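Working notes for the structure below.
Per-chain numbering from 1; labels A, B, C and D assigned in written order.
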Amino acid sequence: MSEVSLHERLAVLVARTLRADDVGFTGLTTGGPTAMFGTYIPVAAMQLARLTHAPDLTLFMAGWCHNPSLRDLGALPRSEFPLSWYDVPSEARKDTWPGIHSMYRSDVTVGFCSAAQIDRVGSVNTVRIDRPDGSHVRLVGPVMVTEHMAFYGREIVMMPRHDRRTFVERVDYVSAVGHPGGKAGRAEMQVPGSGPALVVTPLGVLDFDDVTGVMRLRYVHPGVSVERVREETGFDLDCAAALPTPDPTADELAVLREQVDPQGFLRAGVPA
Amino acid sequence: MATAARTGRPSRTVKLVALEDLAARVPDGCRIAFGGFPMFGKPMAAVRELVRRGSRELVVVGTSNGIEVDVLVAAGAVRRIETAYVGLEEFGLAPNYRRAAEAGAVEVVDYSEGVAFDRFRAGQEGLTFVPVAQLVGTDIAARNPEIVPFPCPLTGRPYHAVPAANVEVAVIHAPAADEFGNILYPQSRMLPQGLDLTMACAADVVLVTVERVVDSNFVLRNPQLTQIPAFRTTLVAHAPWGAHPTALPGFYEVDDEFMRDTYLPAATGADSFDGFLDDHVRGATHEAYLETVGAARLFHRERWAVIA
Amino acid sequence: MSEVSLHERLAVLVARTLRADDVGFTGLTTGGPTAMFGTYIPVAAMQLARLTHAPDLTLFMAGWCHNPSLRDLGALPRSEFPLSWYDVPSEARKDTWPGIHSMYRSDVTVGFCSAAQIDRVGSVNTVRIDRPDGSHVRLVGPVMVTEHMAFYGREIVMMPRHDRRTFVERVDYVSAVGHPGGKAGRAEMQVPGSGPALVVTPLGVLDFDDVTGVMRLRYVHPGVSVERVREETGFDLDCAAALPTPDPTADELAVLREQVDPQGFLRAGVPA
Amino acid sequence: MATAARTGRPSRTVKLVALEDLAARVPDGCRIAFGGFPMFGKPMAAVRELVRRGSRELVVVGTSNGIEVDVLVAAGAVRRIETAYVGLEEFGLAPNYRRAAEAGAVEVVDYSEGVAFDRFRAGQEGLTFVPVAQLVGTDIAARNPEIVPFPCPLTGRPYHAVPAANVEVAVIHAPAADEFGNILYPQSRMLPQGLDLTMACAADVVLVTVERVVDSNFVLRNPQLTQIPAFRTTLVAHAPWGAHPTALPGFYEVDDEFMRDTYLPAATGADSFDGFLDDHVRGATHEAYLETVGAARLFHRERWAVIA
């Protein structure tokens, strides 16, 4: 149990939140911490859940490959449609739009996404960062986070950075809507998805108040103080109920290390 | 969900069940869609099982319906049908259906074929309505209070808002499946099979009968064949010749002999058809039905199997 | 040139109306005269046009099989999706909806359909025939005639019967709209298709007045009098401009008999 | 339309033309879509031909755009882009595009990926708008005057009406074609290739470059491979390695070496990228481009061909 890495701890924590018959969607993100948070931890968490308490869970790898045989995959692919995946065993492939799983009717029960900014009610920005001088930094665009937050049963936001530039009072551009007005506010939107449920960061894990829709600290990672989380967050953060991020059980860790992550990416980092 | 003895962990749910257990997932009064084309790929084994169960008050939603509706209407299982066609293709009008429709014993709501397809697409996409341009001036719109005219919010072009299919249950017959509910089709499909997939994506409960059950390792090696992934399938049942007397690509053609010598003569009257149901369907199993209609003869009609 | 059958004459006449790059759609109808008018004459006309003046014409056989090799087909199939067609050479197959040709954006420039009733402005009925006593005869339903008339460039209505029960003042049910209000009336509908252009019957060929939208007699077949057409038509029919249905040329007849219809179905009838 | 000498009858139109003749069908200022995914199956040979022609004022409509936009923006060919993503996947942000977007040299209209797809579906179906439920509360709707909120005419549910893609031209790169314009894909396709087909169905002018030209008899024997039928294709050009440096399933992977050693260093500044265009694109042919980027090296990267 010693030497549990943060990424292992997060994979186990996320796995515990997954349900027996969840249908999970993760896109493919590339490059160091983004790939770790955006893709590798979610995939590891889903696979761990499949091997323990959730054998019926369906994993949509990169959003199109159903239940790939991760053992045959070697390293994570570097692009969303890697040609080598022609050869990877899996149960199904989505090759048309809307195709064999329809995100619009909430076939997906849990999604994972990342963003450049997230605000106190969980709205996210992937489009642009405004500078005080009126100029802006152009990002990639809305991609599919809009659909994640509107249609998926629930969304787990994987934030590879946690600081005052990424956790802001109000995002510069609302690519996807969180919980303005709490549950009542979302009910008015009349979308089937329930929006962001958890926000996972290198400092802790956060969730949202049902009534106010405001983000709050639920777990703080080992070696991180509640004060530090507050300092690195650009809005007033309710930390009253924060607990230490729980340890994996010996069984969880054994399955994780032996069957899910034998390459040890969760300890050593994903190769660039 | 079963539990693997060795590890103590739960094991994956097996969705393969007996035909009667599959049919038991169809509640009386539900909105239900049947795959296939009038005489092509109809889930007839499941339909006959619904007759055995004595299903009642079904609302059949479809695009091109055929012999499955003719049988279910004759059995008194259908309250209402919303579709673009009910007939038997080369075998003419559907006699049982026609009698019931003309007598007012079944409510018929007419849609054009394109709109009927699009209602399922709307269902697949969680839309409450589908905007269509082609109903202007038709009685399809004029006689249906559920269809509402509205202008394009951007251009003012006249549209009608048509309700999505809103089906609770879809029942289809497919070539093959594994025990977990991955449903396999040959890569070269025919159009009605493409429509079956949309239907399956639009329903809450997806019930599939199949000609063959394959090992899940076959699926892993041939993921491009899976057209309905396991998570969308509610239950699957093994029913060889399950589309009889309709055709199934890669397996068998329409059973002309049965249609001309047995079905059509029986369907000329309500009493004679009730006799047919008594003799061949009610109180029998799928296997017994195949015997009474001549399974041995059928066997020689098989041409080739796309999925081994 | 002697012994030109009516069906040969109609195939040639229809072929002449087809344009060099038409995209033509015919469904599959079965049973004697219906199969001849609804499927065989249109297919023969399109194939004749392809072999003479319209080599770029695309034939959607049964609405899904693009440019099948008719030579390899033998007899016409008896169902819309005959399994034997797996083996017939063709250029493309439509296997999804909307799929590789989209009827909604007017990919189809000319369609062929049949109906149980047609009225003076070309609206058609495939749904029900009302009897004076309040009862009705139930027919198959709207099928796709609604889309044919709304979206296809133009429609050629193939009527296997021409009598007062089929050519009526007003159809009992409008499955698809013809020309109420003439061209101005159709403009108000804002659909891309121009509706019925020709009506082909065992007695003659009819078209529509641009301004009034009313059907009129354009050709009368050999051996049929204008009076008989008038008598068999359930509304007042303008026959002022009616001409005799033209003869095929020797070249048209040679191509038709040698290459399009070597089995002689157009002379002998389609086998049941 | 040519005329066959023997019969005196017109013969079928041959749509196979040279790459420059294909590119000549792209008018300046048009609304245009490019197939592929950011680093996957992009019609790059055609894109480079547009650079050679000096195309101007293009409005690029897309779903996930990548290197084709980065090149065209650098060449000054793009006025506006409507899409959900512009980037280079594993190679990061698109440097030329980013500079231009931040400087206001190109107008960017943001759509979510689902809505961006659906705009093409609306185009395929001749709809003036597409109703979407997911834009409620987003800046995608709030900052776009072309998107209008409206209630479902049947249920009152809030929707936004989004304009159809309305593209005049689609340019895609495909595995194979015959001379008449039937475009062939392997039966096992990847998702971006499925989207290319929708794009092709939504455009008025469809321009296709291909790796292989096959005999029309091959098409007749394999009709299930035709995914864009000849009548939808405006022109087709033979361009082997036409997606370079992006990947094409069945033919080649992304050219990592070229991206890291040549493209990305050049794209760090406007002047250096202009030098790259001068050296490799302008004044060259597609064949000459392949030489300068090392065609011989590329040849060994080919793995297998799905269509022989």
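Operating definition for what follows: a residue touches a chain if its C-beta (ideal position, glycine included) is under 8 Å from a C-beta of that chain, and two chains touch if they have at least 3 such contacts.
Source: prediction; values computed, not measured.
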Intersection of contact sets, subunit A vs subunit D, gives B
Averaged over CA atoms, how far is the centre of subunit A from the centre of subunit C? Could you give it in whole Å?
57
For subunit A paired with subunit B, centre-to-centre distance based on mean C-alpha positions, whole Å:
39
What are the residues of subunit D that contact at least two other chains?
126-127, 133, 157, 188, 197, 224
Do you know which subunit C residues sit against two or more other chains?
93, 95-96, 104, 151
Which two-chain combinations qualify as touching?
A-B, A-D, B-C, B-D, C-D
Residue numbers on subunit A that touch subunit D, as the complex places them
30-31, 64, 78-81, 83, 86, 93-97, 99, 103-104, 123, 127, 135-147, 150-151, 173-177, 180, 189-191
Would you pull the subunit B residues touching subunit A in the complex into a rising list?
1, 9-13, 123-127, 182, 197, 201-202, 219-221, 223-224, 226-232
Residue ranges of subunit D in contact with subunit A within the complex
37, 39-40, 64, 83-87, 89-90, 92-93, 97-98, 101-102, 108, 110-115, 117, 121, 133-140, 142, 157-158, 188-195, 197-198, 247, 249-250, 253-254, 303
Which of the residues in subunit D come into contact with subunit B in the complex?
126-129, 131, 133, 146, 148-150, 152-155, 157, 161, 163, 187-188, 224
What does subunit A use to touch subunit B in their complex?
20-21, 23, 51-53, 55-56, 58, 65-66, 69, 89-93, 95, 98, 100-102, 104-107, 151, 192
